[in-house]
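Scrolling down, you'll hit the structures one after another.
Look at the two complexes coming up: chain A is in both, with chain B in one and chain C in the other.
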Partner chain A sequence: MTNFYYPSGSIVHRLSAGVKLAALIIFGTLIFTVEDLAGLGFCGVFLVAFFCIAQIPLRVAYRQLKPALFLLLLIFIAQYFMVGFEIAVFVVVRFSILILAAGLVTVTTRVSEMVEAIEAGLRPLAKWVAIEKVSLAITLAIRFIPVLGEIVHEVRDAQKVRGMDRNIIAVLLPTIIRTLKMATEVAEALDARSFATLDRTRTDKQKL
Partner chain B sequence: MISIDNVSVTLDSRSILSSISLNLEENRIGIIGQNGSGKSTFARLLNGLQLPSSGTVVVDNYDTKADGRKVRARVGFVFQNPDNQIVYPNVREDLAFGLKNIGYSKTEIEQKIEETLLEYDLEYLGDRLTHQLSGGEKQMVALLGVLIMRPNYVVMDEPTTLLDLRKKRVLMEHINELSQRVIMATHDLEQITHFDRVICIHNGKVYADGNPKEVISAYRNLCQK
Partner chain C sequence: MNTKDVVYIALFAALLAGLGAVPPLTLPNIGVPITAQTMGVMLAGGILGAKRGALSVVLFLVLVAVGLPLLSGGRGGMGVFAGVSAGFLFSWVIGAYIVGLIVEQNWERLNFVWAMAATIVGGIFIVYLIGIPWLAIAAQMPFLKAFTASMAFVPGDIIKAVVSAFVVIQVKKSYPLINR
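Showing the complex of A and B:
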């Protein structure tokens, strides 16, 4: 979700995020009722058709699967030794289709739309849950994954120069300090951008 | 107008700013001073990010202590590091964030984003991912995130520090063309030579205040000591 949105303006992109998430849940449930490779093949063709309708290039589709390849390999090896080759292939194909289906939702849905859908889903819990804060937390987590990656990279480089890149404490401590400092500044920025003043029951725009 | 009346700021029993009284009404005001002089704290006072320990800061008749929401709607703030200011992974979504917070409808938000991107010739950035932008582009997005809310004042805390010379020039060109009043804390003296007024802060007090030439000269002398 951090960097996968691929704009093409297709009909799949235009579907609401709630519909896509619901479809993903249904598809993800149904795929676990399929018991043979032919059935999985049908699900795969169905999914490929949606990738085509959404005009998603092959490389973008592959990018959805790539981070999970190592995990899929581990699952395959474990299944192969425990229950045999055929079931290992079946399980890995099923997981791959599921990951690609989730990938299709992320490449065709903006984070803001996804967050709005989650907000809508949480609305019945509004009495007990601060919905805007939950959705902002999700947004920030998505937004700051690459930033945190950059911080770790910079700290490791800095410690490498001092010959300490293998010392976990030497990398961890500056990373935590920088992250906390960044968190303070982000909180201030949210404040400066009127988040702390949010009250959706008012029409603030007129009052301002 | 922003009125600062006898403002002091004390943090952890350390005096950061002491007894500052100023009226800020010029279109372009520069804030200069050495590291740790208090200029960032001064800038943060202006939109209520920092509240005074004593005294008052009043923006267009709204006190930063009592009317923080209204003050922040009038005074936009651009931070030194745009990475900490950009909230959403996508530029268009990030620009929508502030507008959503003050209650604009989805249609109005989309319209305002298009208008703003077009106004600053930055349509090409609209669908880009924020973490893949260059430093200069990120700072422009951070600035647009503020400008889209149409504040009366834009306060900037060393906005060009992380930029190369070319990006600095481009950002400064945009800043110079803004219709809003700009108050900019900076170490880059060249950027403020054409400003209407420059204030030099030293040890938490106003050391010099007036036209850029005189104040910059006083600041240079101070740095020689």
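Showing the complex of A and C:
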């Protein structure tokens, strides 16, 4: 499966995912306190500098912004006719910077590092959240995405023979039933390997 | 929350991803193209129930946020949550929860009408209730403008609600997961 990670081994890549996420949150908060185009320009230059340090080619950066372009264009047009050119530019530029900043975190951080950062972030909440269950859910979901894609594909092929591969119900229903059956089997296999007792062993260890 | 619940949540999140890869499908006799993914949100609540359904949507959004291109059209990464339409993504969580809640509350008497009430309230009403004000505030556009712009998607959503309700009923008959 593809993802957005662009390896260049820069110092930005080597920063921990948690640091990058925290920086993104701070940057995203600060940018909303900026009230004029000059301030936004400064944020933009700041961000471009980081893209350069991270050695991200222009096309990779553009790919992060591309899905949002159409909506941003619509907003620009609406703003332009309602409140004027300057506000229209301001709003669209601010969102472009924000999307690109988030995109920078995405292209410089591996999915596995992100997942680890989430688990680390949840650790203080261990009292209320069963972290190993969250880990299991994330790992399983990532592992099963290609499998589920394959099931959707198989069901569509089977329905094609019947001339029903464009019929959404004929594709959805068998896909869902197969997914649920598979989920039940996976859960039974996990419990057979004593996943359910993991909580208890953990607490026992803590007591010791 | 036992192992089964965790696995249902995980595999439904994976299913949401799988549905994003499906090219838009058409309904028999109507011919309107429909992206399967947003329907998955109504289905998550309607099939897994409120809590598990909402958690599977949360998990799916987490996978998108950590950098997997799972949204329909191959979109993903942190950037999609910084955009002006991010409110619609977050609304999926509460939407799935509400669909699940209505389905659970009426589980014994669940028929097509009740299922459709659930998918319309949770899958359409709640989604727009959160998504439109978010869009209006984020894009600094008047509420009415954001409202009219979003209304273009309502006819498609109603068809999705009908299809989802039908699927929820069929799954209840053949593989019920909500115990009441």
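To be clear about the criterion, the second predicted complex is superposed on the first by the 129 of 208 C-alpha atoms of A that agree within 3 Å, B and C clash if a C-alpha of one lies under 4 Å from a C-alpha of the other, contacts with A are read in each partner's own complex, and residues count from 1 in each chain.
The rule we apply is simple: contacts are C-beta pairs under 8 Å (C-beta built on N, C-alpha and C of every residue); 3 or more make two chains touch, one makes a residue touch a chain.
A quick note: this is a predicted structure, and the numbers were derived from the prediction, not measured.
Between chain B and chain C, the partner in contact with more residues of chain A is C. By the touch criterion stated above, A:168 is placed in contact with chain C alone, chain B being left untouched. Judged by the touch definition given at the top, the superposed model places A:140 against both chain B and chain C.
Once chain A of one complex is fitted onto chain A of the other, the partner contacts of A:48 are absent, as it touches neither chain B nor chain C. Contacts of A:7 after superposition on the shared chain: chain B is touched, whereas chain C is not. In the superposed pair of complexes, A:111 makes contact with chain B and with chain C alike.
By the document's definition of touching, of the two partners only chain B reaches A:192; chain C does not. In the superposed model, A:23 makes contact with neither chain B nor chain C. By the touch criterion stated above, A:177 is placed in contact with chain C alone, chain B being left untouched. Contacts of A:34 after superposition: neither chain B nor chain C is touched. Comparing the two complexes, residues 1-3, 5, 110-111, 136, 140, 142, 147, 182, 186, 190-191, 195 of chain A contact chain B in one case and chain C in the other.
Remark: chain A residues 1-5, 24, 28, 64-65, 67-68, 71-72, 74-75, 78-79, 82-83, 87, 91, 95, 98-103, 105-107, 109-111, 114-115, 118, 130, 133, 136-138, 140-142, 144-145, 147-149, 151-152, 156, 166-169, 171-173, 175-177, 179-184, 186-187, 190-191, 195-196 touch chain C in the complex.
Those residues of chain A whose C-beta lies close enough to touch chain B in the complex are 1-3, 5, 7, 110-112, 136, 139-140, 142-143, 146-147, 150, 182, 185-186, 188-195, 197-198, 200, 202-205, 208. Chain B makes touch with chain A in their complex at residues 44, 47, 49, 68-70, 72-73, 76-77, 79, 81, 83-90, 92-93, 96-98, 101-104, 127, 129-132, 145-146, 149. Considering their complex, residues 1-4, 6-15, 17-19, 21-22, 25-28, 34, 36, 39, 43, 47, 55, 59-60, 62-63, 65-70, 73, 75-85, 138-142, 145, 149, 163, 166-167, 170-171, 174-175, 177 of chain C touch chain A.
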